[in-house]
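Per-chain numbering from 1; labels A, B, C and D assigned in written order.
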Amino acid sequence: MFQIRIHGRGGQGVVSASELLSVAAFEEGKYSQSFPSFGSERMGAPVQAFARINDTSITIREPVMEPDMLIIQDPTLFHAVNVFDGANTQGYLLINSSKTLSELGIEEMSSLYPKDHIAVLPATELAIKYIKQAKPNTVLLGAFAALSQMVHMPALEKAIRKKFPKKIAEPNILAAKAGYRLIDAIER
Amino acid sequence: MTQKNTAEQTVKFYQTGTFTVGNRLLDEEFRTVQATEERSNSIDSGHRACQGCGQALGARYALDTAMRVTNNKIIAANATGCLEVFTTPYPETAWSIPWVHSLFGNVASVASGIAATLKAKGDSETRVIAQGGDGGTTDIGFACLSGLFDRNDDVLYICYDNGGYMNTGVQRSSATPGGARTATTMPVGEHPGSSFNTGKFLPAIAMAHEIPYVATASVHDLHDLERKVEKAMSFRGARYIQINVPCPLGWGSLPAHTIKLARMGVESGLVPLFEAEYGELTQSTKIRYQIPVEDYLKAQRRFAHVLKPANVAQLETIRALAEKNIKRYALL
Amino acid sequence: MLQQISGSIAVANAVALCRPEVIPCYPITPQTHIVEHLSSLVKSGQLQDCTYENVESEFASMSFCIGASAAGARTYTATASQGLLYMMEAVYNASGLGLPIVMTLGNRAIGAPINIWNDHSDAMSVRDAGWIQLFVESNQQALDVHIQAFKLAEALSLPVMVNMDGFILTHAITRVDMPDQEQVDRFLPPFIPRQKLDTESPLSIGAMVGPDAFTEVRYLAHHKQKEALTIIEQQAEEFANIFGRDSGGLVKSYFAQESDIVFVAMGSVVGTMQDLINDLRSEGYSVGILSLRSFRPFPANAICNALKNAQQVIVFEKSFAVGMGGILASEIHMATQRYADIQGVQISSVIGGLGGRTITKQSLRKLVDKAKQGDLDAEVFMDLEANTVVRELKRQQDEQSSGPVAENILRDMGVVSASKTH
Amino acid sequence: MTVQHKPFAITLDVGSSHLNKTGSWRSMRPVYVDRLPPCNKACPSGENIQGWLSLAEEKDYQGAWRLLTRDNPFPAVMGRVCYHPCENTCNRGQLDVPVGINSVERFIGEQGLTHNWQFHAGEDTGKKVMVIGAGPAGLAAAYHLRRLGHQVTIFDAAEKPGGMMRYGIPKYRLPREKLNAEIYRIEQMGVTLVLNHAIDNIERSQQEGNFDAVVVAIGAQKSTHIDFSGQSSIPILDALSVLRAIEMEKRNPLIGRVVVYGGGNSAMDVARTAIRMGAQDVTVISRQEEAHMSAHPFEIKEALEEGAQLLCLRAITEINGQVITLERLKTSEEHHSGHSHGVATGELETISADVVVLAIGQVLNDDCLSATPKIVVKNHTIEVNNMMQTGQDGIFAIGDAVPSQRSVTTALGHGKKVARAIHAWLNGKTYQPAPQNEVVTLDKMEPWYYSDAPRTVQPHLESMRRKNGFAEVLGDLDQDHATYEARRCMSCGNCFECDNCYGICPDNAITKLGSGKGFEFKYDYCKGCGMCEAECPCGAIAMVTEDI
């Protein structure tokens, strides 16, 4: 079972990101689950969302305690929340930032991860470019696909099209593709 | 059902019992529903209302009228209260219409639910009536009633106003008139009876919701009452009628005086009868023979203290209220 | 059809397939998404011949249901927590009148302190209200059980409450198999009310009943619930035949009969427990779960039958009766006392997951380990921060005006960082 | 326990509340009563006024006429000349103004004449009754006797029938064609009228004619006369002979300055006749103050309107030549209540006159009675028992000849009463009048239910027109107005099927039996609240204590 935890702030599409991930996995015939860390749904508050992807059905309901994939949508959270709590350091780390890991002050923690399991990208910049909004979630999902291969772009595109009306879906797909390309290029 | 004036109808102007229930001289169409042998008796004999119950009368008047207008297609919902208790003492029922009682404070919503069902089933013939006492209407059921008005659900809400919680032993409601003795506003202390400058007048609140129709009526003037119910039934949406129903028990009056007191209430100006459509006052029923408020008060033990010389200020306040009504609703 | 959707949407769509005729609602987290979605379905015309009304309170909402159901409509609403308490008088009334209303309860804690997260305090507050109360473990069950709920309610002329953990299920996006209309129609016939406000055949509903007959009327309510014990099982079987799934029923055993240690629990926590016992059983533990799917009627026989081989029973529940303890635990006690086959079983009452506290596999595992060692107390508050409690008790001892408890504890835990104000 | 097929909320067989007999709560029970309306009570003819008004309300004029004429065969006459004591007692008078009963009666009477509705004699009994006097009393007696099937012959000394109706009431109040028509209708029943035939020995005439019984209805034909002191040079006449002379169209004695002495209706008749006959100046001198004059106020009012002078509280003490000396009187303090005469003051004044007419009353002319000694005359009237029988078995006396209020209406009432008495006597029985019901007063009624409207005023002739001739002073009501007026009747004490009791009973404890059949209490359910009694507009319900 592959477990994902997404950290961000209210309004950044954290919950949508987890949902899109689960739907994309579903589209690929896998079992998946997503849910938010429930709380007051106010803008700017730290939020988490979770997803699980598996080949068989998932019954567990506890929040993702040992994420195989950590997605950090907002790097300012490193100072507020212990985002690495319980993280499987053999898993993946995906961070939205234009800074380096050392600039972010997480060099020590990130060093525990395999090098090719870490990706840092300016997702917000790309989001502004493609969707004219500071919502880095779809860019990060593209990057997630490239980084983890747990879902793939066609399924992700499908999930985005299901969730959003065409006018919003298409730019988001472009944003996701941009995220995908960026990471894919680095990896390969 | 009002008589046209004499100039138009020289002969049809019946001095003989013009305001009576029926009259063999009146054309059928001008007689009240209650005058007919075929009236539906929505509430029938054997109910356990007190002797001279105004509410038993008001309810039958209103519902029988509604039944005639709708060809017997009405469903009634009832708030907890005297009417509910005395009509359905297990294992008997006095109702000849489909009738449901749920709770004290929810009759408006229950009625809305019934109306919703009729709407869902495409039944536009059957109409819904909600009924409650003044406590169930102005106090505990107020929120639900306001919701009904807000949504403009197709329900006629009838409040039988006897100015207190009579079912539980005569306590004050927000419709209890100032000065009146109740078990929670006894005639003791510096300000005996129910406080003045308190309470709420629901017809005005109903008007503020701008619902299609609001009216006040009284059991003493059946023609007026039936006309109003008939009028109410001609509208779709939320409608409110408040019927003044004397309560011998709560008012400390003789059972035989129920209608007389209803009449005196109106003729003293303390009980204004009027109609409003979409929030605008459209008509008031004129006082026929104005009487001093004292005449009305002295027939009720609940006001006995008001008539003592020491409480003349209370009497003046009540007089002023009557005058205010007369002016506001153009009752003369 | 397989779909990856939230629990709320799944339930809303399932309810819509049941062709409800009247739906009043009032928003309250965490059930709101259900009625929001139903609103869209009605407004867009996807759900026809249905009156949807956003009313002014939960009290009005249930009252609206009462009127609608009495007038012969298939009626549905949803609420949670405080909303349930606000409609409480009408909740009792609906069952007292025998009206087959179906209501989803998005289970949530009851304040104060105000808390929007999941536990079962709301469901337990109406345990004596005369409603049938069903619990679901997953979103698939949630949608399946709603379809059964209408059929059950209408068969018995009793209201049915489907309990679904707030957020954990309502907000979780999972795979569900959404039935098609034809299947649902096959399972659920059109509503023929047992009693109906009908101008063609006038009837008085809601008469006053005095001491001479009240006992009989109340006994009949009890009798109906007992009948439900049979009907629930029958309908689950019928459902399985048409939809090809096991959903519903009175209880569900996961190795309960063949295990020494058995969890008894209701709702979504059973999913986490399943995950746990799969691990534990592979490690050689003899551990199982008994999931209670019907809480009212209380299936005492089915429970006892499932527990007859157990040595240790861990009753896990997300609520408790303050001053008494676990509610479900005491009911299990009562049932086992009556059941001759069960003698000497150890029953521990575990209270956990209150107000949305995470129920982790790890914590549950500790319970099993303790039970295995015979160390599990009769009453356990799982993951209780004992030190915090002790400090607050000390504050109260030291100072008469120690301030509000909830705020003190938040401050103590560092959630609120404000300094002491006096 | 078997499975219930109904939901438990309504199981256990809910029944109708009809099972609950709330009648057991009652300590008083309502009963329907017929109370006596004050108009009926006041009517000297004993008319069922409320009854015929009720039919008139429904525009059943023939029905009204039939009911009315059951008691009074002269509706067209009485509709004009009756002083309608009924109206004075009418309960409606306390609300606005009394119902114009008299005008409706006249309308009904006119309907009878217009449509030529006829009376029917009763089945022949073979008995013969002689009636002496064709005045209102005699004619009424004849009419009622005939209805009862007896043969009747009326003898009258005058050349035309009608008595005081013809010779005492001026034409402007009673057009003669109306009188003639209504008398003719009685003749049509088979009553034999023998005119110009004075009876001087009753018993002999009875034996000669083989009559089984006799009714003496000879009126009070002898005018009271006063001999004034002084040397009068002017005629001093009596009212009766003046009015008779004018009726007979003989020489008009009312010329120049006419002084009428008296305060009664005859005085007014003479005064108003004098004005019509062209008298120069008409003065009525009354010993009473105006309020206590026995003339009806409207007569006084109309006389004054027509130009008569009125001098009250004066007595004629002397007439010398054309000068009449009057003494002023003052109201006696002990007797301010009514019939008192003034007390002399000694203050004198004079007026001049060309003729004086005394209108101070008439007494019985007992010439024909002298042959029948058992008929006792006392105080100028014939003594009769309460069955109107004189001391002579089989001879009855009625009208102005016996002690009673002297009015046409009273005379008609006597006619009815004597007919019943004779009928019983002829059958060897004694007439027992039915006991009278309790009179209904306004406090037993709830008048709120009646609309208020002023009485339709009979169209008055302008007073100028009145003075110049004997045209009728009061006109007819048209049909609309008559109906309207009839409908002002409150039906005091008698159910008029207003449905109030039926409608306002909070316990639905009244059965409506259908039009004309009234109502019935369902004592199984009546809780005895008394609302029906309190709200019965006309007071036709009474609460009586239950026997426990």
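The rule is short, and it goes like this: contacts are C-beta pairs under 8 Å (C-beta built on N, C-alpha and C of every residue); 3 or more make two chains touch, one makes a residue touch a chain.
Bear in mind that the values here come from a model prediction, so they are computed numbers and not experimental data.
Chemist: With centres defined by CA atoms only, which chain is the most remote from subunit B?
Modeler: The most distant chain relative to subunit B turns out to be A.
Chemist: Please identify the chain lying most centrally, where each chain is represented by the average of its Cα atoms.
Modeler: B
Chemist: Averaging over Cα atoms per chain, report the distance between subunit B and subunit D in Å.
Modeler: Taking the average C-alpha coordinate of subunit B and of subunit D, the gap between them is 48 Å.
Chemist: If you average the Cα atoms of subunit C and of subunit D to get two centres, how far apart are those centres in Å?
Modeler: For subunit C versus subunit D, the centre distance works out to 91 Å.
Chemist: Give, as an integer number of Å, the spacing between the C-alpha centres of subunit D and subunit A.
Modeler: Here subunit A and subunit D have centroids separated by 113 Å.
Chemist: Report the inter-centroid distance (CA atoms only) between subunit A and subunit B in whole Å.
Modeler: The computed centroid separation for subunit A versus subunit B comes out at 66 Å.
Chemist: Provide the list of subunit A residues touching at least two other chains, using ranges where the numbers run on.
Modeler: Expected reply: no residues.
Chemist: Mind pulling the residue numbers of subunit C that touch at least two other chains?
Modeler: 97, 203-207, 213 - these are the residues of subunit C that touch more than one other chain.
Chemist: Residues of subunit D that contact two or more other chains, please.
Modeler: Subunit D, residues with two or more chain partners: 12, 14.
Chemist: Flag every residue of subunit B that touches subunit C in the complex, lowest number first.
Modeler: Subunit B reaches subunit C through residues 72-75, 77-78, 84-85, 87-91, 93, 95-103, 105-122, 126, 143-144, 146-147, 150-151, 153.
Chemist: Hey, which residues of subunit A end up touching subunit C in the complex?
Modeler: Per the stated touch rule, the residues are 18-19, 22-23, 26-27, 31-36, 38, 40, 57-63, 65.
Chemist: Given the complex with subunit D, which residues does subunit B contribute to the contact?
Modeler: Residue positions touching the partner: 3, 6, 10-11, 13-25, 31-32, 34-35, 37, 41, 43-49, 51-54, 56-57, 60, 87, 89-94, 219-220, 222, 254-260, 263, 288-289.
Chemist: If we count contacts the way the header does, which residues on subunit D are in touch with subunit B in the complex?
Modeler: 12-22, 25, 57-58, 446, 448-453, 480-481, 483-484, 487-491, 496-500, 502-504, 506-509, 512, 514-516, 522, 524-525, 527-531, 533-535, 537
Chemist: For a test of understanding, state which residues of subunit C touch subunit B in their complex under the given definition.
Modeler: 21-22, 24, 49-51, 53, 55-57, 59-73, 75, 89-90, 93, 97, 196-199, 201-210, 212-213
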